[in-house]
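Before anything else, here is the set of structures, which you'll find just below.
Paired with chain B in one complex and with chain C in the other, chain A is shared by the two complexes that follow.
Let's turn to the complex of A and B:
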């Protein structure tokens, strides 16, 4: 088929679908079973894409008349170039050259749209594309999904019966609890397995349209976080020794993003003192359903104490009773402080120890500032007025956690050291007397010389 | 090994079968020969091809000893940089407050007391060398404990910057004037170029860059160099040579006046 363009040849329907009029083109009987989620037809999709605000500058689908008039004649002869429909390299280059805009999406997508508009067929939803292997696979996956749904039904029924059972019959309360626990886990697994093979779920997740209230999207988000971001975070926490120094062990369960204003901070990054003078904002993504109350603590474990030739710990910030959930991810500390000022009742306040700007002496080694997010026991609110009495200096997080029965959920850190704006920051924080204190390395006296026979003794 | 070739006795016996007159001195010889050559075989040595008896074949002989091993015993006080153990490869690994050099020698990074120990939590088979700060401490430290670390620094109060102006402090980004904000309140600091200035404990001296610009402050007039002007060049060359000759004369005169030391 030399006359047909290569892309069209690729996308013509395969022999199997031509011979067997596939059921995929029509929707399977709507009846009892709920299928893998369906997409709107692609052209409707396009419309919604252009309608919703897009982070990139919006691309015009059709070149306007005004633009056409300014272009030279030989460019205008190229005809209509739609960024959603150009498929070959020549057309793409022309589009970029004439309109100055990039084509939208992948070439395969553009070819499919172009071909379908050329043939004037209604846009086929993605999951109904007539490729035999794809449809056969889809059938298999649908069967599997039905199986999983049936299993979920039976398991929930069994769980309900078990809950209703008398503990004496099920072998004691501990055994019953263990069984209930493992049955719940099994049901959660089945729920995820039912949806994990759905391509539209994957697409929604990758496009950022995931609803975190649904377990499958939480699962996908967790897997993505664990693949790279969690590894980097854990590595930074261990190599900076945050974990043995401040807490004995920490299993990160939250994805924490730290930012000062608009500036995002990677874990372990040096932050200029002028920037860290104000409170940061946290974005905390939880992967477990339900709302929790958390406390946020910021600890500096590197405050130098030259009299003891050691270090002491200092608390820079302490706030409690902050609600988080898979959909409530933002902890804007500055806004929380503003709300606290409006609230009259001291028990409604959230910030126990206000933000103390991170600072370091000149010449001293860098200070690590670890931000911890700790879950409060049973999501019960803590008494903020009582907590506000904790001392900032010599603040030991281990004992604080034990005292108030908190569980560490996640942590992140940034570092600070002397820089150009540090002197001003210290002046404004009332530490003017520390500005001209410099730390110099102590000279270590060499050991007395020993003669060879003395050394060998 | 050169093997002797032993001639066949049969041939010799055959050769002496014919009776011949033998002088009496030779009787014993003849008898010996007739009995056979078993008693005294004639040896003939044959040389085989030479082989590598010289060179590397038998392996490197013992060279001078490299003084490997422990240089500091357990419990000995060390300072940073002291080598504790020299080795080929890693019999011992660097543990707490120790590092390993490029030749796998373990050396101290902190002042303290040496400890030789094993830490199964870190590695089931390895042995480590570490430094503790207190003589009563032992390694390995309990797992998940906060690190013990030393500051090794002194807090020193810096001299305020010489560029202060009537009590106004210029600190980093914060410039504290007299608050009026008028032009005269925040003034540029006056720099005194060739003032003697120095840090505490150092000699008071002029800054190097200031020394370099001494010429600008002096009254010396320097004629501009004109390339191609041989007359001026000759004048200066002659003046220099005369001056050198004067100096040499003075030096020799001094040497002549000085009494020579007897060796």
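Let's turn to the complex of A and C:
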């Protein structure tokens, strides 16, 4: 019965239409906490049992006075900032700065809402708009949804009966497992199909009001990611040979965003060494329900070895036991490090190898810095004190993954090469003796018949 | 894209040019030259008829209007843009229509399948029917495989109606019904399924 739980949970979350309280996702990082996974507005907390989720237009939410009072005087002079109505760039920035929340939806939409509230236009909820064809279409789609819900109910009952069945009756444990698996997949599919035609769901998703605890929003987010971002990421990973160089294969299942402070980094971008001196911020969007424990590894496979005329690996960062879930998307490594400092017990810490600034010699080819997110088996925490003994140099991710039974969930990369700020960065990292080392290309002597002779001159 | 719908209904003013031949065909009509010279619209004048009559000071030449119109309106119409809610409504209707069509198609397929199955069951029943209206065994009945005419151990007694029903002569004129299939230049990759059984 235990294994039936995930799909049942999705089912109940869908049919009951009861939003679960979001588990403090704001705690980690105020700025990016409100993205796809934002918590629902208060009026959407409890949803009725009607076919569609409550489709109210986003109401202006008044920032709480208690919160505003803690802000400095000059910030309070900005006046009331409503995430649904801020229009210009400055107000948006102020909202993010003071309230720590992102503005909702597009600027155009916010402007429209602002205008209509100024003019006191009565707001008709979207799905009650009096257009006949639209209403007929909605009626048809709602009937279909009821049909799907009934199917889900019967399928769940059948699955429950199958789970309770003796494996000998259902043709051996393997056959039974296969059937359970396929039935569960079917139920998951139905759960998606029940909601996929709902315009309010689509609207909420496009507005960034999606609740990632619900399977339909996760499905939509995954489709969106697969349509463009994943393609770009996979292309970069294969073009720059991260995939066969560091790990033999990778099937990305996570949407990973890398940022140094405010600066977002596209996969494969060159990052200035002064910027990459500080630890990055990761936003990891998983599309599967449930919480996972992950390890984050940053590997540089391009450390030059002049004696061997080759390259070797170096580990720049290694942290374990970081919880992620569809709603818990942020991995702020800087904050994790700060928390680690307060912890005395070495096995309680999360960072095994602290951030080692990416650096490259003058004249050497660029370095790829690949960031891997690895899932820990059965969400079991790893022994960080033991992992901390791994050596940075000659770090082989393949054997590390095998040793600790990790599954790669996703990866991204950035690049670094010698730039103006590199000398200072290396000095600060204690690599002063390496600053003056310069790599030069070997001069290849031209072939004898290509040699410019006296006669030719 | 065909932009003809967006062109104006402007036509060159032909009335003045065609007046002369009309006048020639009907000599009974009063000759234009009989009218006083001041009010005369000369058949050789190139000025448009409407232009000549001065109604107001700011009347523009319709030809200029037409030229302006065509200069300012490209043949390609502007792209269709929906507002946010309009797009969502459109999407909803589109999805409902797709779903409706899908359901219709599936219902039709199910119906055809049921029809086929019941016809097949009826034929099977006829195949095993003997002279007394009883059910014969599989060995006694013939007609297995592709050839419906084969006989079983009890010979022609069993499945007489079946053999008659399978006889397709005269269904499509005097030509065998098998020729009713679409005639193609080349035979299929698998011309005849020899291993076919029911």
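What we mean here is this: the second predicted complex is superposed on the first by the 320 of 457 C-alpha atoms of A that agree within 3 Å, B and C clash if a C-alpha of one lies under 4 Å from a C-alpha of the other, contacts with A are read in each partner's own complex, and residues count from 1 in each chain.
Definition applied: a contact is a pair of C-beta atoms (placed from the backbone, for glycine too) under 8 Å apart; a residue touches a chain by one contact, two chains touch by 3 or more.
Bear in mind the structure is a predicted one, so any value in this text is a computation, not a measurement.
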| item | value |
| --- | --- |
| Combined model on chain A: chain C and chain B, fit or clash | fit |
| Partner chain in contact with A:436 - chain B first, chain C second, else both or neither | first |
| Which of chain B and chain C A:363 touches, first, second, both or neither | first |
| Partner chain(s) touched by A:249 [first = chain B, second = chain C, both, neither] | first |
| Chain B versus chain C as contact partner of A:131, first or second or both or neither | second |
| Per-residue contact with chain A, leading partner among chain C and chain B | B |
| Which of chain B and chain C A:309 touches, first, second, both or neither | first |
| Partner chain(s) touched by A:197 [first = chain B, second = chain C, both, neither] | second |
| Partner chain(s) touched by A:421 [first = chain B, second = chain C, both, neither] | first |
| Minimal inter-chain CA distance - chain C and chain B, angstrom | 25 |
| Touching both chain B and chain C, residues of chain A | none |
| List of chain B residues in touch with chain A within their complex | 77-80, 82, 111, 144-147, 149-158, 160, 171-174 |
| Footprint of chain C on chain A - complex, ascending | 109, 126, 129, 131, 133-134, 136-138, 140-141, 144, 197, 199, 202-203 |
| List of chain C residues in touch with chain A within their complex | 84-85, 88-89, 91-93, 95-97, 99-100 |
| Complex interface listing, chain A residues touching chain B | 241, 244-246, 248-249, 274, 304-306, 308-311, 361-365, 420-424, 427-428, 435-442, 444-447 |
